[in-house]
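Next come the structures, one after another.
Shared between the two complexes below is chain A, which pairs with chain B and chain C, respectively.
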Partner chain A sequence: MKSKIVLAMLMFFLICFLPANSQTDSKTGDNYTLLTMPYNKRPLTLYKGQFQVNAGYEFAVRIHSFDSDGNLKVLKDNGTASVFHNFCLKIKFGITDFLEFAAETNYLKKGIRSVTMQYLSSSTESITVNTVNETRGLGDLLLITSLRLPISYKWFDFGIKGGLFLPTAKYKPSRPTHTITETTVPNIFEINYHFNNTNGFGVPVYLLSSAVKFTLSKFSLESDFTFRKPVKEGENIRWDQVMTNKTFTYFNQPYKYLLNRVIDINASIHFQATGWFNIQLNSNYYRSGGGWTEYWGDKYRNPDEQLFSLEPGFEIRMSPAFTVYEFASIPLSGKNIDAPFCMLFTVTYNLFPFKK
Partner chain B sequence: MIFMSQSFREYNGFYEDYVNCIGEDEGGNMWFGLYSKGLVKYTVPLE
Partner chain C sequence: MKKFILICLNLLIGSIATGQSEKMVLPSDLKQQTVVTEPITLRKGYFRAGTRFTYIAQDKHFKESGGREYWPYSSWSTSYGLTFSLSYGITDRIQISLFVPLDYYHLESYYLIETPLLGMDYSLSINAKGRGLGDCNFMIWYQVIPEKEKKISLTVGNHIITPTGQKNFTDNISTTNKYGLPIGNSYNIPTGEGCVQVAAMLLAKKIHYPYSYSAFAKYTYSFWGSKLMRPDYTSENRFKKGNNIFISCSFDLLLNDWIAFENQLNYSHTEMGKIEYEETVTTDPTWDICYSPSLIFQIRRFRISEIVLVPLLGKNTNSDPAYSLSVGYIF
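Let's look at the complex of A and B:
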């Protein structure tokens, strides 16, 4: 019995202290070594004095959607397939080896054309209605502070992040730009509704995240959990229109809303094939819900959304300063959400501006 | 994850969209057909 107690205490000691003691205190390296550090030897945050610029382009083809029962719907059969363009920019700076500051924003552009409707009142009267919902504009500015364990990375790392989306983006939609296309026949014409949405939360939103990373030789596992919640309710406007003698008059009405709470979970396995090439397979789970939107004076709960995707990708170090990342996102299951196939291409520039 | 800002998954940040049809289910709850989703979505009134 005594030997079992001693063995249990020894196991407990090893579990508690082996990870900490196997990783030594941080030590400085030359710039070249730090800039060319492969993924499986990098910590979760930048090194002290490291400055990083990330420029990304995300292209999404929206041809599928999951309905409220999780069934896959083919949007192109309805004529409502579309593409998205998302340009992302993020700058990061390592204040110490364990503390990092980052700022990021994005520019999103998409246009979704609805199914064309045709209204026939008689053999000589016909109205065709097209609707385009366009969204374009800068997103909000996200400021993030990241902390990681105060030890140099050997095989285990843990970090937390806290961030705030500042409502810097123009979030109120612009006035619609509807047009009418007339034909030579007086009572046959086409109405083109064109709504001009913008991109922004409209209220501050805070973000909390944690991440963990393990490395075993050339293999690494990384996982992160992110939670996002609005600070308060928001108010926006909704445009509507009246057509008189083929001329549009626009008006808008205010409404209130509460953003959804969002959970985003990633888990990825990485293989460091060589010092400059890393491949990975990430799985992503996205869940959103808990918010509401006001319609005609009543609050309606936003539908809960879920999406599970697989994201194969790779990282190539082109030079000590430049690294290229490429990921694809393949949606596998979900509820109440679009399921676009996405490609994300990112170029990262690294330097130590204050270190010789 | 390199970027954490808004992405294609979120429409302009909140669940705003343009309604293309409105109905009511057996329980008296309204539902909306929303343009960008291409699907009819059910929502339950809170108040």
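Let's look at the complex of A and C:
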């Protein structure tokens, strides 16, 4: 009897003191579960209290463009291909499970060369003219509010967005920085025109968007439609120059403009291979037109632009806080537009700052 | 009762104290070590086969006076490289590596020329390509102070670059119009440097899980060689590339068990080079400072790396980022 009592006490002791390190199931709605939610189970907006920072870098090689008839032009054949670098920053916050606020901007760097012209007057007189149009600077600040259906996401979601580009960025071009490269022969020299453009719209631009998402097991479909329109006409300056004795004098003249209206449509299919890995194929259609630009007092309609691209990509969750996105953009058809091949790399940081 | 109390106390101590235990290290675990946790050299008998793709588009350069500017001419140049590598751990401390690069260069230029006196406009286009085997190179590493807990490992190495790539411009073809003015030029760009280079290397690394720190220094000496210095030259000129000093610091961290984030800051300085024409001329010295972040995915024995090299400062050299993707497998 005594040994049974000892054994029973021993068992009780074991149960009390030996910690059971068995796996525990995360509670639905805890921070870890929400932060590691795979794409096919995520709604269109952030969860309540979720804060997200997206830092992205886009590298584009502009070696093709489409002309007004939709024919592909190879820019590298005439030496005018170029690259551009675009750095993006986006901050999002989930006010409720159905309402999200976001702010974003970008920093763009690109330089587009024109065909070099050489003027040969004689064997001892030659002028070479190079032109680079550089665009560089911060973009306007975009503020967006997103709203989705007030239901838990299971297989269908629908949302709308409204936003405004505030003209916070510099939009007037800086004074050109043309230079002259001289040689040992007095009448043989190079003129290097260098125009310094900025990245701002110059006027407020509003944005309306809607999105829809369906999930069927590991597959998801998402589509969005975005419309962007300037609030009003803008006024800017255009620099010109006069060269006297190899010295430049610059002057500028004001002109008016109306930005194009833009329609942007995305449709993507996603496959959630595992909880941390999602691959997708997006198709993007971009169309802009309806704007004009003033030259010498007359308004000239901006060319209508169209571009259709395919964008394969993937998402990798590295930790509950960090996720990496990578996309490539392959232009397939278009009109009146550059057709760069782009690579976009984004790191996302997520947290719930006010939730324990 | 005494026995019972003793048993309970024993169990209590056993349950609370997670006693020290020797970690069982399996060969398969060693093959799956990440760039943060692995030693500098491969372990004895291990191979690592890899390939690395690199892409650079020439758009900007660092000027003589410092600062960055776009190449002004209507010219477009890209280079792709595919390097195959094979490394082998002779012992736990000695590793040898062989690198076989395949290079592809492409240059296209286009100019419009107006001659008012002749009343004629015409264009001149240059189309140059280079593809083929680059300069194969060998490396040997020796761990002088091997990796031990809380200690810095120190490794020395030697790098030999052999001129296996085509060193001369070939197939230089010029075309002219009916007035004898040049309108086109095409040639093959060499894929090799045309000289032997030898380098001494020193690498120190400290692992402080989940971080690792390393410092690397390399001095490359270039021997004299000879090659055609321009596509239109018919005879080779002797030349000597400037010797190069390369210093790099790296801070790596594990984002999770299988993804590492590597941050490198590199400084490179190339001394003045020489070319023997009728008179000996010198080439400008160059230097640059680059930042290179990379994401390295360790998926079992596979290692996939994405690397970007971003030039920050420099002089007399290209300032374009380089993009690399590499895949390695250890066996």
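Everything below uses one rule, namely that the second predicted complex is superposed on the first by the 328 of 356 C-alpha atoms of A that agree within 3 Å, B and C clash if a C-alpha of one lies under 4 Å from a C-alpha of the other, contacts with A are read in each partner's own complex, and residues count from 1 in each chain.
Basically, a residue touches a chain if its C-beta (ideal position, glycine included) is under 8 Å from a C-beta of that chain, and two chains touch if they have at least 3 such contacts.
The structure displayed is predicted, hence computed values, not measured ones.
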Touching partner for A:N130 - first (chain B), second (chain C), both, neither | second
So, does A:T80 touch the first partner chain B, the second partner chain C, both, or neither?
-> both
Chain A: partner with more touched residues, chain B or chain C = B
So, does A:S114 touch the first partner chain B, the second partner chain C, both, or neither?
-> both
First, second, both or neither for A:D298, with chain B first and chain C second | first
Looking at the overlay, what does A:L307 touch: chain B (first), chain C (second), both, or neither?
-> first
Determine, under the contact definition given at the top, whether A:N192 touches first (chain B), second (chain C), both, or neither.
-> second
Show which residues of chain A both chain B and chain C reach, each in its own complex.
-> 75, 78, 80, 114
Chain C touches which residues of chain A in the complex?
-> 6, 9-10, 13-14, 17-19, 59, 61, 63, 75-83, 85, 111, 113-122, 130, 132, 134, 190, 192, 194, 316, 318-319, 322, 324, 343
Spell out the part of chain C that touches chain A in their complex, as residue ranges.
-> 3-4, 7-8, 11-12, 15, 57, 59-60, 70-76, 108-117, 125, 255-256, 259, 295, 320-321, 323
Provide the residue numbers of chain B that touch chain A in the complex, in ascending order.
-> 1-20, 30, 32, 35-39, 41-47
Which bits of chain A are touching chain B when the two form their complex?
-> 54, 56, 58, 60, 62, 65, 67-68, 73, 75, 78, 80, 84, 86, 88, 90, 104-106, 108, 110, 112, 114, 131, 133, 135, 139-140, 142, 144, 163, 165, 171, 173, 195, 197-202, 207, 209, 224, 226, 234, 236, 238, 257-260, 264, 266, 286, 288, 291-293, 295, 298-303, 305, 307, 325, 336-338, 340, 342, 344, 346, 348
